[in-house]
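Following are the structures in question.
Two complexes come next, and they have one chain in common, chain A, joined by chain B in the first and chain C in the second.
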Partner chain A sequence: MTASNNADLRRLLRGVTLPALLLAWWWAAFRFGWTEAVLVVPIEKVWDTAVRMSSTGVLWQSLGASLARDLAGFALGSLAGFALGIALGLSRLLENLVGPTLHTIKQISLFAWIPLISVWFGLGDTAKVIFLSLAAFFPVALNTFEGIRSVPRELIEVGRVFALSPGQMLRRVVLPAALPSIFNGVHLALIYAWLATLGAEYLLTSGIGIGNLLTDGREHLWMDQVLLGIVMVGLVGFGLNLAATRIETRLLRWRGNSTGQY
Partner chain B sequence: MAHAGTLEINNLSKQFRVKGQSLDVLDNISLSIKPGEFISIVGASGCGKSTLLRLVIGLENDYQGEILLDGKRVVGTSLERGIVFQEHRLFPWLTVAQNVSLGLLNADLPEREKDRSVQEHIELVGLKGFEGAYPYQLSGGMSQRVAIARALVNRPEVLLLDEPFGALDALTRNHLQQELQRIWEQEGITAILVTHDVDEAVYLGDRVVIMEPRPGRIKRTVDVPLPRPRDRGSYAFAAIKDDVLAEFADTPPVALVTPPQTVSDWQFAW
Partner chain C sequence: MTTLIANHVPAALPAVRRPRLRWNHDALRRFALSWPLPLAVLLLWSLAARFEWLPPQILPPPSMVAATFIDLMASGELPDNLWISLWRVLAGFAAGAAGGLALGVLMGLSPTAKDYLYPSFRAIAQVPSIGWLPLLMMLVGIGEALKIILIAKAAFVPVALNTYKGLENVSTRFIEVARVYRFTRWQLLTKVVWPAAFPQVWNGIRYGLTHAWLALVAVELLASSEGLGFMIVYGRQLYQLDVVLAAVVVVGAVGFALDKVLALIENHLLRWRRDGF
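Here is the complex of A and B:
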């Protein structure tokens, strides 16, 4: 095992310590009779529920449905945001036309759109995906725009000195220089989209998903199901964040240890 | 060997608009540069020497007068004129080799030729072995050397250098001046260096053009007829350097103390 593997392992163990301690405390509270509360259940019961729902397939169906909607909305919103961000970044005219409206709309809380969306699109999958696209759209659009506008003029001049065509300038100078900002936006969009997935399932209640598991559990006071839902949400969020960070490190390797050093 | 270009600057004038008023930055600059010549332009900050280079490279286009390369009017940027800026301006997301090959992106050569030229120029600036390094891994001096390789790789007719070593420490600067001297001799191109360092100007130039500010004008041109590589410690070098420096001094040069003529003029200590 190399030195860096050792360091990674140590960091992983340290990160896992707190959750492990919390779980141990939770288990001990019921095992040693510290509490008889009805609103929390022993950890074993949550595990049993997990096993049961997994074997009947309900758990995976719900998870699958939520993730599918999440990724669909994320992809749609990100692509639209990316396209608009580039257009606004490259054209001053467009920025003057569209910018003020965009900056105003972005202030509207996401959940304020729900009544409108539910009236136009119902309560099913379509409405949810549209809601998620909105959540993903704004961070990507704004960060892409910002990234393109912040390309250092010095690098553009180098492109001009080497007689780069406008297409080459965009592909080889502007977009790579804007990539850290764009990626920032995409990462945020990923986080917001998953948060919005849960919100969408609470408010647009038709269909299946993790959020629906949570609301069902609450209605019937099946606390084991509720707690399981929370654990699933946390795990998925953690997994998505980890994937995004890994990809970012890979793509932006050239930054080294400093940030923004042009 | 690259083909060295002949650069003619005739009655060049430029104004900038500052706060609604017109500011004269360059006033009637005329300069004739022979092919393969190395011209050093010295001047204090604000005398327009960087603006002059930006006009020649084609990054600024609004001026009066003419700039001719090989008899043809200069319009915008072109691969025939290269420039090294004060900051290295390397693309952080590209390796050394990829940065250098940027200069050949629009050149009309087969891929193999391009790769060979890139490798050649990386070795020319003394960075063999660093082809795969990223700019964040390089020191300031190394980055500037990559910038020089990038400017030379497509064999421009004229190489412009805008205070290229200004951002580096004194030791690296000294070393890179010698490197530049060697590279210029090897490539045989026309070069124009803008600097505020008189020592650098005299060390590298065949002629030193002295500019004065507000508005930018050519005050004088001093020839440097010394063999290369120049000895910075030689009397001739120092004399030419003093000559140039005198143009920037506010006080007249101090005269040598003349020894007393007669014994009666001597003062005894006791």
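Here is the complex of A and C:
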């Protein structure tokens, strides 16, 4: 018990060594006047900025706006992707009709859509949410499709033996078997939607958000605000990731851990 | 049970007897079916432009986009910008992938190095490349260095992560077998660990290239005066949507080509895997 605790502690200490050294160096650079650069701000200033922006509420408003559009776009895009993925997975005809076009459009780098979307839908929240849903759409659609296609034939045959109706087959056999792959897609969609939120806020510059915080900071050369923005971006990404992993483990618990046992 | 078996056997026989013909027929059918949707979209688009349901600045007719594409190719504007973008993405990707491989191998082979480096690596990876963009713009300006660094970072993270995971996930059973055969450490690494980890490492490289291309377009949209992304921004500012669409098509085509090249290399490199099964 103590041995494993010691090992954990040692691992933790090693893990924080590098960041601690970096922070110490940063702090010392100002404390002992190693740098005269205007751009580089002392470490305390980032903290002060965080406190100031959080007490005026700017930080929370920006975060709220970013998260709201992130989740709205994510929800719309994943639902559409899920529906199309199921349709393509269940029907060979649809797959042949739509699949090649989908795979071709997928190749267009995500951000290349922004200028087109800005012409068609403006710079407001509509345009942003449409762009975000596009970001979430492809991974969910493709992974749902792949998941359904790789459902073992045996399972379908068992379902046939039980004379399940198509609806029952979908709900009780196909979707549960495809669930890990679908989750994979949803997880990717969450990551891409957050990436796209930043891109949308940089390029469709209206309204507020974490991305606007970053671009404003850069334009005014406020390094403290930029660094704070980056930390927020990282924390949100981390939080979304963690939530996705938690939900995934919970929902997939029924599968047991047979694959992890050998 | 008997019906299942009975159903399977006769179906398998003709397939073995004439696989070529069936494949051709299937492929032909797939090919034919892949066209109606894009053609319908194209038709709708032409009609919308023809009857001016939307003003041409917002939706230029396909013929105009095609004409612009040919013009831009002939004038050299499109090829020039394409080469600039390709050079950037390849330089950044090469730097990022090399760094990612080095870090991944280090963390995968040395648990001590992993303990020191992995948490910091995860923290950096948590912020998407585009999040670092404003900071980098302040630190290195908006020159060529910015693009290369950002693209390299985009490629670096998936390569490092997958290399590390690939090495870590090598089955201990392979290593035990190698011990039985008394492999030296070098033999163990080159003949067992590396081949076993390679598919995932390669996966990381493919993701790396995709992310590099994504980052390139983003950085060129935001801070560049040449390249495909710049053409898109420029066309957008002048409301020349034909230029935008032509450039977007090229962006898609390059993304497709890069992915295909890696898939071909993968097939070539992983030939040995198929022989066993």
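What to note about this one:
We adopt the following convention: the second predicted complex is superposed on the first by the 217 of 262 C-alpha atoms of A that agree within 3 Å, B and C clash if a C-alpha of one lies under 4 Å from a C-alpha of the other, contacts with A are read in each partner's own complex, and residues count from 1 in each chain.
Following the convention adopted for this analysis, a contact is a pair of C-beta atoms (placed from the backbone, for glycine too) under 8 Å apart; a residue touches a chain by one contact, two chains touch by 3 or more.
The model shown is predicted, which means the values in this text are computed figures rather than measured ones.
In the overlay built on the shared chain, the residue A:P100 is in contact with chain C alone; chain B does not reach it. Legend: residue contacts after superposition of the two complexes on their common chain; A:Q168 is shown touching chain B, with no touch to chain C. Shared-chain residue A:L179: touches chain B; no touch with chain C. Which of chain B and chain C touches more residues of chain A is settled by the count: it is C. In the superposition on chain A, A:E157 contacts both chain B and chain C.
Of the two partner chains, chain B is the only one touched by A:R255; chain C is not.
Look at A:G237: by the touch rule set out above, it reaches chain C but stays clear of chain B. Judged by the document's definition of touching, chain A residues 157 lie at the interface with chain B and also at the interface with chain C.
Residues 154-155, 157-158, 160-165, 168, 172-173, 176-177, 179, 253-258, 261-262 of chain A are the ones that touch chain B when the two sit in their complex. Residue ranges of chain C in contact with chain A, taken from their complex: 4, 29-30, 33-34, 36-38, 41, 57-58, 112, 115-120, 123, 126-128, 130-135, 137-139, 213-214, 216-218, 221-222, 229, 232-233, 235-236, 239, 241, 244-245, 247-248, 251-253, 255-256, 259.
Within the complex, the chain B residues that touch chain A are 57-59, 77-79, 82-83, 85, 87, 89, 91-94, 102-103, 105-106, 134-137, 154. Touching chain C in their complex are the following residues of chain A: 10-11, 14-19, 39, 93, 96-101, 104-105, 107-116, 118-120, 157, 191, 194-195, 198-199, 202-203, 214-215, 217-218, 221, 223, 226-227, 229-230, 233-234, 237-238, 241.
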